[in-house]
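This is the structure I want to talk about, given as structure tokens.
As written, the chain order gives the labels A, B, C and D, with residue 1 at the start of each chain.
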Amino acid sequence: MTQAINSGLPLIVACSWALLLIVVEMFSGDRRFVGVAWMGVIGLAVTAAMSVHYASVPAVYGNALALDGYAVYFNLLACTLGAAAMLLSIDYLGDAGIVRGEYYSLMFFAVIGVVIMAAATDLIVMFIGLETMSMAVYVLAGIRKSDLRSNEAALKYFLLGALASALLLYGVALLYTITGSTVLADVSKALSDTQHAGADHLVLLLATGLVLIGFGFKIAAVPFHLWAPDVYEGAPTTVTAFMATAVKAGGFAALMRTVLVALAPMRAELAPVLWGAAAVTMTLGNVVALRQTSLKRMLAYSSIAHTGYLLVGVTAGTNEAGSSVLFYLAAYGAMNIGAFGVMAALARRGRGCEKISDFSGLAQTHPAMACAMALFMLSLTGIPPLGGFVGKLYVFTAAMHAGLVWLVVIAALNSVVSAAYYLGVVRTMYFDNAPADVLPPARPYAAVVVAVAAVVTILLGVAPSPVLGSAARAFSKVLLG
Amino acid sequence: MSLELEFADGRDVFATEDMVLNMGPQHPSTHGVLRFIIRADGEVMRSAKADVGYLHRSIEKIAEKVGWHGFMPYTDRVDYVAAMTTNQAWAMAAEVLGGVTVPRRGEYCRVIAAELGRICSHLLAAGAMGMDIGAITPFTHAVRERELINDLLEELCGARLTFNYMRIGGVAWDLPPGFGAKVLRFLDHFEPYVDELDDLLSGNKIYIERLANVAVVSRERAIAYNLVGPNLRASGVKYDIRKHLPYSVYPEFDFEVPIGEGRHGSVGDCWDRYIVRLHEMRQSARILRQAIDGLPEGPVIAKVPRNYKPAAGEVHVHVETPRGDQSWYVVADGTEYPYRVHIRTGSFAAMAMIEELSRGLMIADLVALIASFDIVAPEVDR
Amino acid sequence: MRAYLDAIAAGYPTVSPALVYLIGMLAFGALVVFVFILPVAGITSWVERRVWARIQSRIGPNRVGPGGFLQWLADGLKNLLKEDVIPAAVDVPLFRIAPYVVVAGFVAAFVALPFAGSLIIADLNIGILYISAITSLVVIGILMAGWSSNNKWSMLGGIRSATQIICYEIPVGLSIFPVVLLSGTLSMQGIISAQGWAPTSWHMFHSPFLFVSFLLFFVGALAEGNRTPFDLPEADSELVAGFATEYSGMRSLLFFLAEWGNLYVIGVLVSTLFMGGWQVPHFTDNGVVLAVAQFATMFVKAYFWVFVAMWVRATLPRVRVDQFMTLCWKYMVPIGLVNVVGTATMMVVLPQGSIVLRWIMVAMTAAILVQFARRVFFHLRRANYGRLGRISEGAA
Amino acid sequence: MSPLAFYPLAFVCIASAMGVVLSRNPVRSALSLVASLFCLAVFYVFLQAHLVAALQIIVYAGAVMVLFLFVITLLNLESDRGLGEKPVLSAIGFGAGAIVAGGLIAALSRTSLGARAVTLVPTFGTTKVLARQLFGDYLVAFELTSMLLLVAVVGAVVLAKRDGSYEGDEQEAAVPARSEEASH
């Protein structure tokens, strides 16, 4: 009993903290809500620390939650990314015309959603986590109410997201009719114990398809990626940073647990689907990204492409691939939050700082920012010795070991294509002339976040072993459990 | 894939549309035939435009055709809730033009009749106020008291609503025998009743919540909009024609001019307008007692030729009606018909202000606002 | 009820018991509707008009039958014979159906209303929940009426009414919880059985929490029944006649039927939940006599609250929409939550309740009532109606 | 459950569900949905799940659908104004829907699910049993759902509440007629 409560404690604390945040925000006299933001960051730190402290293997509360290594890894990742996004927002919000203190509590709730998704061992709980996260992010995307694009982003994200949730839930319901359970392990057991043939098998396939579609929307896999560019572009930059990193991590956390644990017996049927999705996703993302003039849109398509790389790892499905996906998510989080951080640091009212051309000659005016941005772009391309390179290396190696040679070939080709647009940004910053109206100086909080992200990106490249090791440990227990 | 954010005709998808509501001409709470065009966002009004004129009967024009004496019954219809004071205004205008002096007893009779009429009108206003807020009982109680006054006035002039009591030069009939005693007996009964109404209605929590701080008219806005009478006094301006532009025998009486104090909210809110009327009833009762005590002997009407032809000239008289300063501008050209009559009424000024006040109020507040201004539709349109 | 039917079925072995149930239930249902609900709603309308008249120093209907008692029949007949006007631009099917939906919602509530210990159409195990569920049909009907009338005042009325009902469902639900906690059941008869005939055993006086619950329930029920001070949907000075503006004849009558009938439902619910329902001392073993006594007790208790509702309606002004929402969400809901938690705590601390506390509660309530009565009589004396007659004589 | 009751009810249920989709008038659509949900509640009653039936009516027919109706009537939507009316899109929509529905019907109607025996315990569907499930097996889901609802409420408030502190909201700048005290 004590253990049960203990392992649920991080979640309980996080929820209470979020409630506290709402109340504190209400009485906050400061219209910039710096205190609220810091409280949110501290709360995330506490949550992360507690989840490390109380980590335990067995599932608790009627097999609904497990605070295993996998969950702890994602908790740490989500809390770190959430804290980074909150710190980025401190200066950005007021300038973007967002004077809602609820911003931070919603972001906190979104992180809680990711935490639940990662820890859920029951499809219902996983769905609730997904909805908690999505609900908060829908609102965050549209929080700039005076901005029509922000409204469009929120509406589009909400409508498509709601559709995806409905499909996912329908898939879960069908799975339940076949297997009689929503607990991942039980589903897996029921699927492997009984041979489903004929119509039952068809229902099973439909169910699996619907579940995959539901998650596909959340991670923006082709062909369910259509919302991503518009939403990334329309949402406030800091929210986009959060969506591109933490939300994607949450989606993968749930997807991997579902596919690799509950649906493990259906591996044979799923593999080709995932293979195709991975190939199409990265190709389409990279090709379309080439033509973008808006940095945000470019990064949106790049994030679709990265979804494709990550799906390569999921397709492989081995222990090695799984842990490399976990590592990749960390590296991807660091470099993406850094890239969006640079945008948020330089954005000022009236000057979106969202077009690639806005960064012309950045190296002359803001050498440090330009340097960091270049670093993130190189890392996203996969140039050694940065985090992005190591992540790709491990994922592709794992895929090779799993026999997915052609997929890895496609992925490698894609990486080469992607260099064109990533390096285009670097060229614009270093070789174009700065425009007459120079960008304002970078904001302090954002600059710090960017610096930390840069350091982490480098560290993950030169010394990946600690993170990789914990990712491997985290993942090994998932497949066993 | 881009979602269209505009409809084909260019409207924003996210724009909300105001609802246009037509309150009146047939609507239970518009106190006669009034019409408001309300633009509302849900229950909250963006504006309420008054559309007047449904009760226009060309009374001013009729005056030019029916002659000086003949116009008296028409004045009853200008404000049929308080016809006595309108009678008095017309009589005063004609007297000033013709240089007629009213006998003292005649003036006293006029004051007694006018003050009874004022109580009558305020009772109706207070009762209707409660009714519009949803309290149905005060109305029947107020009307019950009003009935007693109507009995008295019927005894005085034979009519219960459109009195046609006053004449140029005085009043039509002297007080009937024992009338003064009856009025005093009525007042003995009535003064406690006002206290009771005060107890039951004005202190009611819901009543206060509905009226306090609603549609606050500041002193400056009240003056700027030319509000008069109780509506003006509720905003804290001590201005009563009976005191400040004295006419008739009012200077001989001792009474106070109540003003709004903002006891439950801000000065000049709906509750203040209500309570000022309540206090005025008490003051009217005070005047009545003094008038009956000091009633002089003598004729009640001066000798005025049947064919009344005042000399050419113009006059502007002010009378304090229950709805405030009613000013009559009358031009005579030396014939037996007035050349031009114009009446400026309190309800009309109040009506003009509603559009400004209505912004941001709820629909239920509009009803309270109309009632608190004590708008009488015929007085607006004449 | 089941017992009676069982007996009948046993008496005629050739008839299938299912058929007996079906016919018996239908007959009883029809009996309840025509012999009880319709007259009660009608008579309530007459009583309401008389009560108002007394409070407003009028006389009220006094022509049809003794003391105007048959006025409700005359009005009902008149309305049935009047033309059922269907305005040109209304949504005809919805406009026609709406009053039936409203009446269906309210009549269906009678299924679970206890009349006496053995008189209940169906003692559902979710009785009180069923009633709050089925009455939500009324909201749908009202919204239908408001929208289909194609009249903005009707629509505003419909929307106000629906807002009102769904908002106040929450405090009402919260005020039912403590009772359910105490009784341990949702069944209406079960809740009554958990109380006794003596006031000290009523739920109302169990603890201060329950007393507050009772107040919340009554206020909330008034709001759900669109009664003053919450009669915003029919606020005649604001919205003409609310959702019923365009209705005439029989359909309009049906709305009023539901409104007045609903008053009785409120009364029964209050007395069931808080005042011991039909409980009487067991003074005789004769089942029929006992049933009649129980029925009478229930009726009197229920009608007392009907009377109070009328009294309130004649006394209080109407609140505004925002104040109404404030009252619900900022006061009643939190208080309701405190009540639930408080009652639960009480039940842990004092599982059997405290008879001393019950007596204190009863005594305090009695004291409050006495003080109230004294104030009323004080004002009646002060109002000094003696002079009134003399003035009238003098003027005549 | 007697087929005499089942088939008419099923017919009404499906017919009203069709009405939701096919009706051009949004209010009628919503009301059809109410009817459909009501029929479902009756099915629950037949399945001995009385509490679920009552909750179904309270929550869906009583609250959720009423809010739907609010929004529809307040927006005063005339029959699908402006948006849509692209035959290609609706054809695609109908096609996709038909394929999924057809596949499901085909699959579900021939599964082995129907053959599974179901035994009901006598306490099935009672409040007590349901409560034990909710606060026992599904405690985490239950509690987290309340969290989810809270997030939704906070989000709705954030999106719906006007904050007049940035430009572009001239309506708020207008002098409010009611004094400060009253409006708060």
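Operating definition for what follows: a residue touches a chain if its C-beta (ideal position, glycine included) is under 8 Å from a C-beta of that chain, and two chains touch if they have at least 3 such contacts.
Remember, predicted model here, so these are calculated numbers, not experimental data.
Of the two chain pairs examined here, C-D and A-D, the one linked by more C-beta pairs in contact is A-D.
Of all chains displayed, D has the C-alpha centre closest to the centre of the whole protein C-alpha set.
Centre to centre, using the average C-alpha position, subunit C and subunit D are separated by 29 Å.
Computed centre separation for the pair subunit A/subunit C is 55 angstrom, with centres defined by C-alpha atoms.
Centroid to centroid, with C-alpha atoms defining each point, subunit A and subunit D lie 30 Å apart. Touching two or more other chains at once is no residue of subunit C.
Each of residues 19, 365 in subunit B touches at least two other chains.
Shared contact sites, meaning residues of subunit D that touch two or more other chains, fall at 74.
Across the interface of their complex, subunit B is touched by residues 52, 55-58, 152-153, 156, 228-229, 231-232, 235-240, 313-323, 379, 382-384, 387-388, 390-392, 394-396 of subunit C. If you check the complex, the residues on subunit B that touch subunit C are 19, 21-22, 27-29, 43, 130-137, 140-141, 144, 148, 151-152, 154-155, 178, 182, 185-186, 188-189, 192-193, 196, 199, 204, 206-207, 209-210, 362-365, 367. Per the touch definition, subunit A reaches subunit D in the complex via residues 8, 15, 19, 22, 31, 61-62, 64-65, 97, 99-100, 102, 105-106, 109, 112, 116, 122, 124-125, 128-129, 131-132, 135-136, 138-139, 142-143, 145-146, 154, 177-178, 198-200, 202-203, 206.
Against subunit C, the residues of subunit D that register as touching in their complex are 25, 27-28, 31, 34, 50-51, 53-55, 57-58, 61-63, 65-67, 69-70, 73-74, 126-127.
Those residues of subunit C whose C-beta lies close enough to touch subunit D in the complex are 91, 94, 124-126, 129-130, 132-134, 136-137, 139-140, 143-144, 146-148, 155, 158-159, 162-163, 166, 169, 186.
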